[in-house]
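In what follows, chain A forms one complex with chain B and a second complex with chain C.
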Partner chain A sequence: MMELLECKHLYKNFGDKEILKDVTFTLPRGKIIGLLGKNGMGKSTLIKLINDLLTPSDGEILINGVNPSVTSKKVISYLPERTYLDKTMTIDQAFGFFEDFYDDFDRAKAKRLLKDLDLDENSKISKMSKGMQEKLQLILVISRNAELYILDEPLGGVDPATRDYVLDTILANFNEGASVLISTHLISDIERILDEVIFIDKGKIVLTSDTDSLREKEKVSIDEIFRRMFKC
Partner chain B sequence: MLGKVLKYDLKYVYKVIVVFYILTILFAGLTRIFWSIENSTIMGVFGSICNGITICLMFSILINNMMRLWSRLVKNLYGDESYLTHTLPVEKGTIYTSKFLCALITTFTSVAVIIISIFIAYYSKENLEFLKASLDAVAMMYDTSIINFLAVVFGAFFLEIVVVLQAGYTGIIIGHKANDGKMIKAVIWGFILYVLTMGLSLLTLYISGLFRTDIMKLFTMSGAVSIDTVKFVLYLGIIFYTLLSVVYFAIDTLLFKKGVDVD
Partner chain C sequence: MNFIFDNERPIYAQIIEQFEIAIASGQIAPGEKIQSVRELAATLKVNPNTMQKAMQELESEKLIFTERTNGRFATSDKNLIKRYKEKYAKERTLRYIEYMKKLGYSIDELNEYVKKIGGDE
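Moving on, here comes the complex of A and B:
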């Protein structure tokens, strides 16, 4: 079976600055994978490249065997760090927008998740707090029946209670059989849900492993391994 | 997908422009009402104030239309919203085509609203007769019908606005290829391209002057300008701006298809 995602000898430069260097890895199907690294080590750049938001300087990205394109965007559901919705829209209009463009968007699921937040569909996004906007984005992204969910720092800047909400929402709602790639530096919060980890440092992949065998080998938690590996 | 993308692009621009449309038509109506009240100095003054506001609003429509279209391109393709735009399952060429079509449609309706407002504010049987007589005379001089004459003038004006808009679009796209100072570079590139466009139009006219002595007279300032010369310049303008618009569209699409680097 074809790999869900393959990155082959991927490079990304901004002028003279080399952000990613010879990044090569594959993502399997049906797993939750953590893309772990300190801030500024290339996690978001890598994710942006996969999502066609950046153009690689060299190398290749294949999603279900094809380069980032309309076909790949149909199967990837991406949650960026930023709030990307048109703030003049209402929640209902945002649902309509996703329905217009994504055939796999499940409005009923989105409505159900919205109900948990006690939000009215007619609320304007601009009137919502930043935290609520981020939760709405998560609902939109997770309500797609995608093959790959890419979540860039979904726990960044949120309080511990919200972190639990985010993780529980992801776990309870992502499409069965799909993979989830989560980038973060808050490993202790996320460790419990990860099947595999990819460690990235200074633009290079330094470790890929499944979490259980890594824990067994090192006899410590992933968080501890991360702390030791990236000690300043 | 083009229809869906275009729907959201048009919504964004019209959301604000429509307010200007309504205000312009409203003040055009008020101008007409105040001026239609006879023997009242105060109503005449109100009429003049409303007339001034109407004219200002007409210019605002054109300026706001341009600014809104450029701002849409920047926000939607390079700002926070670009994280959604570029991850939609839509071809990059389709996204750009939608922006271009949106520019054509909103510019057309803006010019149409301006014409309607002029009609509302100043229409009277006498004015229409006067306009018709004037246009008849001009149309006869140009050896054409009133409709053709108006279509040529409107066409040249419309295309010029579209080309200015596209120079801005290309500037934004080139500017955002840079690694830093993207916005300032976009403005500089837009300005350079606009100046180049104007320079190229003068050069085209000069080259045609090498083959037509009456055109060369425009540069040497010798002798009166004939009707034939004006006609030639208008037609040349339409052909030139149409070609330039096609070239800008091709360059923008090509640059855009090569990929983006959003912050």
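Moving on, here comes the complex of A and C:
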């Protein structure tokens, strides 16, 4: 079977600033992978390249063997760092919006998840709290039967209780056999659910490993390894 | 079930350990049905792949067995359950003795102490 995602010698420059340098890695199927790095190290840029929102300065990205395109967007469900939902819409309209865009959107699943939040489908997004808006966005993204979920900082700026909600929702609902790529700098909250980690620093991949082997080898948590490696 | 994990040791090893203890102590009864990997992963908040790996190990230890189409069950083998009970009893006791020795207790003093404290029960 074709690799789910391959990045080959990726470079991205903004002007004379190199944001990504020779980034090469492969994402397997059926795994939860953490893309870990401090702020400003290139995580979001890499994710935007994979989602065809930016184009690489050099190198290649292949998703199921094809470059980022309309085809690849059909199999990738992407949660951006900031919400893009039109806040004048109702929840029901947002569901419709996703249904129109994505063939794999499972409205029944979204409705079920919404029910747990005690939200009314007819309420306007602008009337919801920021936390609820973020939860709704996650519900929309996770309710697609995608092959790859890419979540950019899903834990950033949310309270600990909401972090639990986010992790539980991901674990219980991602499509079986699919992979999940989660970018974050909040490692201790998330490391338990990761199969693999990719450490990114100053635009370069500095470590890729299976999480449990890394713990076994270093005898400390992933969070601790990360802190030691990137001590300021 | 409520397992507590620390992030400093491999999660799959901790899942195995907690299941061994749960079965040895009867918290999971002999022959009791085990939830599906996905359900367990969601309950314990761990990765389904890690859960799967731990289940396979528990199966090779024969503490858990799969009945085709019906799912997984805890063993009813009393001898096996007893062996694991002894394994953990020994492990924890040795750890306790080591700790008490560090505090300066001799084995005799330690026995006296256990009797004294345990006598309250």
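Heads up, the rule we're going with is that the second predicted complex is superposed on the first by the 232 of 232 C-alpha atoms of A that agree within 3 Å, B and C clash if a C-alpha of one lies under 4 Å from a C-alpha of the other, contacts with A are read in each partner's own complex, and residues count from 1 in each chain.
In the analysis below, contacts are C-beta pairs under 8 Å (C-beta built on N, C-alpha and C of every residue); 3 or more make two chains touch, one makes a residue touch a chain.
Bear in mind the structure is a predicted one, so any value in this text is a computation, not a measurement.
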Side-by-side fit of chain B and chain C on chain A, or clash: fit
Touched partner set for A:172, first chain B, second chain C, both or neither: second
Partner chain in contact with A:149 - chain B first, chain C second, else both or neither: neither
Touched partner set for A:88, first chain B, second chain C, both or neither: first
Chain B versus chain C as contact partner of A:105, first or second or both or neither: neither
Chain A-centred angle between chain C and chain B, computed on Cα centres after superposition, in steps of 10 °: 160
Contacts of A:191 with chain B and chain C, given as first, second, both or neither: second
Minimum Cα separation, chain C to chain B, after superposition on A (Å): 27
Chain B and chain C footprints on chain A, overlapping residues: none
Interfacial residue positions of chain A with respect to chain C in the complex: 30-32, 164, 167-168, 171-172, 176, 188, 191-195, 211-213, 215-216, 219-224
Contacting residues of chain A [partner chain B, same complex]: 14-15, 48, 51-55, 70-71, 73-74, 76, 78, 80, 82-86, 88, 97, 100-102
Complex contacts: residues of chain C adjacent to chain A: 5-13, 38, 41-42, 45-50
For the chain B and chain A complex, residues of the former touching the latter: 1, 4, 7-8, 12, 15, 80-84, 86-91, 179, 258-262
